[in-house]
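The chains carry the letters A, B, C, D and E, assigned in the order they are written, with residues numbered from 1 in each.
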């Protein structure tokens, strides 16, 4: 019979989600699943995602792949969909609580943060003790990806996170600035400029994703500071890996959105055919799609691949 | 002391005396036989909500054909109502303000702040839910009062006032809530009253939420008030020509303040309904509600210059947007096409309206 | 007349920024009379009657109605006290119907339950009374009392404003240049209406630049100049030329004021 | 055939003859000696950009004291200019439109679409950068023309027209760009001209980008045009009273179309500068540029009703927002406080303006 | 006069929705004459002169200037052809200065380089000429030619509008009720101005409801009724009563039209 599925992303403007949609569409065509894609207007736009879920219910979809913008607020709508017998899989960003979805296919975002944190610490060596770090976070509502990566970075860098579920409650003097970027270039540039004002001595910049890293880099460049600062990021898209190659970004944690998407479609197909739900990775409460650190300056004790390998595995 | 002309006192001037014989018939410019087109135009002209209603019916029909039977199901139809409930309620507030020739950019912010107050007062301070809800309404009314006072007493343009208060209220919302979302599970456990408007009941295949019911009731009551009470007529008079309204005995300042306060209270109601719709209290919601409510008002044929239009038009306008959004989603078009088409819709709806006004003269 | 004035003002001052529109102006209106107010453009005539009818608040001065000091905070309060005004700009709401306009601010509610609890307007009653008023004043034939005022001609509009004032004024009727934009025929009808109102016993204040009209209907003429009352004359004792000469400063005004 | 009155022909009426003797002095209401306060008010009244300039200087001073020396550094000052460049350029376009009593909600969308066209035409179709840039300007001008034609010829309210075109243009932008971001390194390698406005040069400690220079030049040129050419006076006349302008010989429709087209071209310029600022071509930028540009205009003392205000006020308005944003960051307040204070600023600036107008009469 | 008319219109029709404002109206203006146009409110007088001056486009009919058919698409074109109009609502831009208003649409540019290449306005020249015009017309004393029109009194504003038309009209000057809101003194000045313009050899069209004024200055009187020209009379052959009777329909109009 004809199985229909939905893909709901945060925006349809971040290349990450564009790729995810491409991957899902390809897989859906292959398996004969009908796929409809929805997105919010901006990162953080919860209402559009609620309306999208309702449309999927009305449409009689068998499964929904959801990249939630507001990981707490969306939970009730997800429940409605599941009550209607739909399989809901969170992609990329876990819900709160994580078991609000039938399954989660995601990067281990905490580990992604931890990898770049440890790498930065090792790269700085002794200087890590008095590093000045700026955090280019995501949105004010602190969705799970935002918290996991930010706190993961601190953990990797050796900074006490206090409440690991909350950004900004730390008191380590090395954290000089937190600002939000909405995960895009414009936000990255503005946030970086603001942080530079607070402390022009910043020498480490953590960024939530590669678009915001690109924006932050422009801000540094316009004041001639681009070579004094270590930028780390998460994503591993082809432009991002090239940026690592070019030395713009020091290291990035590569994720695999195509895998999330295609596995998601497969899971829905399987659920429609057999009623079977996907299982999480051993020992974790979600299915880990993997994460790899990409850098051309490997650091002691932190596993990584170089940009050549990174380019082979990058996604667009 | 008196000259020739003074003799004329108590007497009309010579040339005015002939007026007794003047033609007393009233010039009648109206062509006697109207063509069906003219009759239609006249009907549309005197029923401001008719154009959006017709557009609504046509778009339901159009999508019904494009999407197929599933679109006409009671479930889909009631889903549109559910999706439109928030914009419809906020649109009612916006309608009141726009009828007075104002505009309210802060509606979404008031709505969210009220919902946050309802939630946080229950959970942070442990107040009983009904009290917290009342506090939410009080905050909404207060925000409205602030807008109204600045517009009425300081005589500042509503666009500027609400551009300012929008930012102020939204920032206050984020600062106060500390961006904390209150989770569905907690509300269910401790204060289900907050979510009352999310409750559904079924009538055959149709699923209604209490939120939908409250929107319909609100619009009906406001329609009655605007058309059948003195207060309602005064809202129109204030928007039509405030100076004239003042001179002919309307307390314009008082009316303006009342309208903005009422608008704030309605936004608070929308905030309560929002909790029901989302299941949770989320301080980041409602970012686009101001634009969405203005869109509904505009497509509904209500004049941004005030004094003209029907609140029924607004609800049809909101439903048109709802039908388009859902219809296009069900067809499976890229969401960007939806925005593009809604943009077109805004312009076309207003152009048609203008055309009718012009031709009907 | 030996009667007391019904409406008086003493020492009214009104400033707009650097302009002093009223500069210690006095005013007296006696029962049953037609008082004309004349003066150059910008002399302060409209400001005077706006102050009296509550449309602006004088900066200084005192207004008395039937001997009692009054402070109208809005035109509404003046109306409630029985003072009806036709403003220079008519003050009609273009999009509202003729009936809605006539009853704006004094709507009639349905009798009984609906009116009391649901505050429902009694449309038929208002339309009936509006039609009656317009017909009774013989002012014009308006086919449809429910039509929007903006669809009327300038003359018809002025007619509605005048009829409204004439119909509801219970103590005083004030008209600010009610014939400025009107043709010969239409002006004549307004003058007849004014005489009609006077016959009903109400005093009228008429502001006009049309000397023949003023001298035809006025019992007394208040001459306004440079923001204050220059003098009051009796049209039977002075000619139009005299009045114009006083008002424009061509001749000094007579010392003694005419007590009405 | 002739009666008594006809004899009066060719003769003034009796009572008019006395006029020859009438007072010929002109009433002079003006009080001769002005207090310093009155003189100040008069100055502020006749120089519409003075209030925002004073507010700007005061806020720089205020933050200088609060933040300390670092605030006065050339570095900080130039950073403010850089952050303000985009809003300042778009604000110039917005100023033109608002002076004609319009409003343009689509400015940000036009800016982004133009920048995407410049980028994609270079990279997708391999056109030489100068040609692609010209195409970007053409697209900006075209969008402006669409707005202008709908406003001038279809007589639709600008708010509604641009509410519609905003959504249409933005959606077109996303659909066309397929959301592809063009990377900084690729631009550097293949078409550095696209990034020209991001180039910096130093003067002492101050770092200027070409984008800042172009903003300053643009505002200076527009100031000249608005105040010293017939075209500029006609922009004011159209906004002041379009009917009067038309009757006294201004081609109102033509002017409106020209203003919107020019506004579109300026937005395209902003799009080019944006590429320099972001380093890359990003279709998601500029979502709030419409509100930010309107805010600058409003704080700059330009009337939303058209016909009044100076483009210099707009640039001071934009700088005030820039100073506040950066200043508050430096003090270390939560960014939400910035929004809150900017909201307050909008209301206070306009209230002061209103007060001056009122008192200065 | 045996001359050809300078401005003629034949069969003008203008409809506004269901209202026919002009219903086959004719019009003739002869060189050097003052032609008054009178008629009831709503008769279509303003519509007639708006059609002639390019402010509205007639649905049907033909207009000729000096015998040539013209089609003005805007008031600008009529002005360029030498027809200046004072509209009933004055058509001044409140926020612009007196000088800006007088020269709107015909600004003077600086001589030489600045004017030609930078299109720079010659403010001093315009202010000087504006002051000259106002003084030359002896109309009033305005202290500051750079002040915004909105700060002037109603009378002063009307003065600016009239002076602008009188100063720039090279073929025809049209005035639509230029004295409606004016006082006795101010009206007289406008009449003198009209006679002045006539003395300079320009023909004038004067719309007015003031019969004594019309009969005082007009050479011929065009009577408008129900959207069309009823007749044209010679004020020396007919009385005001006759004119009023024709215009209101109290008496049938004379068969033959007065050729001027």
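Note that a residue touches a chain if its C-beta (ideal position, glycine included) is under 8 Å from a C-beta of that chain, and two chains touch if they have at least 3 such contacts.
As the structure is a computational prediction, the values presented were derived from the model and not from experiment.
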| item | value |
| --- | --- |
| Touching both chain C and chain E (chains) | B, D |
| Smallest number of contact steps required from chain A to reach chain D | 1 |
| Most remote chain, CA-based centroid, reference being chain D | C |
| For chain B paired with chain D, centre-to-centre distance based on mean C-alpha positions, whole Å | 30 |
| Centre-to-centre distance between chain C and chain B (centres being mean Cα positions), rounded to whole Å | 38 |
| Between chain C and chain D, centroid-to-centroid distance (C-alpha), Å | 46 |
| Centre distance in Å when chain A and chain E are each reduced to the mean of their C-alpha atoms | 73 |
| Multi-chain contact residues (two or more partners), chain C | 42, 184-185, 211, 239-242, 244, 248 |
| Of all residues in chain A, the ones touching two or more other chains | 12, 42, 140 |
| Junction residues of chain D - those touching two or more other chains | 3, 5, 13-16, 19, 22, 174, 336 |
| Chain pairs in mutual contact under the definition given at the outset | A-B, A-D, B-C, B-D, B-E, C-D, C-E, D-E |
| Chain C residues within the chain E interface of the complex | 39-43, 153-155, 177, 180-187, 209, 211, 244, 247-248 |
| Of all residues in chain A, those that touch chain B in their complex | 12, 34, 36-39, 41-42, 44-48, 50-52, 54-55, 57-60, 70, 72-73, 75-77, 79, 96, 139-142 |
| Complex contact set, residues of chain D against chain E | 1-3, 5-6, 8-13, 15-16, 19, 22, 26, 224, 228-231, 233-234, 236-237, 240-241, 243-251, 307-308 |
| Complex interface listing, chain B residues touching chain D | 3-5, 13-15, 150, 154-157, 159-161, 163-172, 174-175, 291, 294-295, 298, 304-305, 334, 336-340, 342-347, 350-351, 354 |
| Complex interface listing, chain E residues touching chain D | 55, 74-76, 79, 85, 87, 89-96, 100-101, 104-107, 109, 118-121, 140-141, 143, 164, 184-185, 188, 191, 212, 215-217, 235-242 |
